[in-house]
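After this come two complexes, each holding chain A, first together with chain B and then together with chain C.
Let's turn to the complex of A and B:
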């Protein structure tokens, strides 16, 4: 059972996906093809990759300016839309970076319906410890 | 008691701020200086606009309804996270905080 399959078990899950740091869509699962498709997921993945980069810049700037710590590195970004939410994580990738690996795993994300969304459960799956090989 | 101040009673909530549409800090509570709260308010207002713009473009390019207008955003850091809903922003512990409950409260308070 892969992490994508586990993400699809979340309440209200519509899609789960993997993507590269540049936003290119890789593997994915879709629960409701009439509502969301591969092309939309590809756009969404690019938007999320951009937001992770923006958030990373802001975290670095914020920590430097205020002296506060604990924001960098950014682990997840979530957009809560009107009806849908998307949660994406770069934590596994970050763990590989910190371990000095050159080959990095993809980022992962899930799209959920807001009325059933369980953000804590989504983070718990996305932050599950996996051995760095 | 201020309506937003009650958010500080939730586990893991360290700072909460209410800001105007132009980013001016209206009120803020928690473990942060007033100057940093003003900066946080400005940051949250800017990020809200970024999220709004991204959701608008996603909706336009994809034709998928239900993304816009967005309700909020969460940036989850190694130990601290920032959550924004409407004109409210709060800093919470990344671990141990009841995030679902915090988001529900933020949403409720944002309507007042």
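Let's turn to the complex of A and C:
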């Protein structure tokens, strides 16, 4: 069972996806193709990669400016839309970087219907530690 | 009571505030200096404008996608999170508060706010 499959079991899960740091969509699962299609996921992955990078820069800058720690590294970025939310994380990638690995795993995300969205459950799956090979 | 006062009464909320979309005003309450709150409001406004631009681009490519108009965004750090819905932001201590409760409260309390960012 992969992390994508686990993400698809979350309440209201509509899609789960993997993407590169540059935003390219990789493996994905779609529960409702009439509402979320591959084309939407493709742009969403690019948006999320950009937002995760900007949030990381802001967290870094904020910690330096204020002396307040605990914002960096960003665990997840969540965009709350009108009907659904998307939660993305690069934490697994960060763990590989800290272990000195050059080959990094993809970033991951899940799209959930707002009415049923359990953000904390999504965070828990995306923050799950996996052995660094 | 204002939403900022309501938010500060929620478990784990360290500070909360509002900013004008045109960027000329902000207000806040909580454990931040005036200067840090000003910087926080600038960063929150910039990200809000950015996600709105992205959502309108998605809408142009895929109409009725269900994303626009975006209601807000959330950054989850190891100890603290920043949650923004409409033009209201708050900082939350992850160990003391619930993100699900906070987002649910803010979405409901700010559901009536127009999405035209004026």
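The rule we apply is simple: the second predicted complex is superposed on the first by the 133 of 133 C-alpha atoms of A that agree within 3 Å, B and C clash if a C-alpha of one lies under 4 Å from a C-alpha of the other, contacts with A are read in each partner's own complex, and residues count from 1 in each chain.
The criterion applied here is as follows: a residue touches a chain if its C-beta (ideal position, glycine included) is under 8 Å from a C-beta of that chain, and two chains touch if they have at least 3 such contacts.
Just so you know, these numbers come straight off a predicted model, no measurement behind them.
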Which term applies to chain B and chain C once both are placed on chain A by superposition, clash or fit?
clash
Taking the superposition as given, does A:68 touch the first partner, chain B, the second, chain C, both, or neither?
both
Does chain B (first) or chain C (second) touch A:100, or do both, or does neither?
neither
Could you tell me which stretches of chain A are touched by chain B in one complex and by chain C in the other?
35-36, 39-40, 43-44, 47, 50-51, 54-55, 58-59, 62, 65-66, 68-84, 114, 118-120, 123
Provide the residue numbers of chain B that touch chain A in the complex, in ascending order.
36, 39, 43, 47, 50-51, 54-55, 57-58, 61-62, 64-80, 82, 85, 94, 98-100, 103
Partner chain B, residues of chain A touching it in the complex:
35-36, 39-40, 43-44, 47, 50-51, 54-55, 58-59, 62, 65-66, 68-84, 87, 114, 118-120, 123
Going by the contact rule set out above, which residues of chain A touch chain C in the complex?
35-37, 39-40, 43-44, 47, 50-51, 54-55, 58-59, 62, 65-66, 68-84, 114, 117-120, 123
Residue numbers on chain C that touch chain A, as the complex places them
36, 39-40, 43, 47, 50-51, 54-55, 57-58, 61-62, 65-80, 82, 85, 98-100, 103, 107
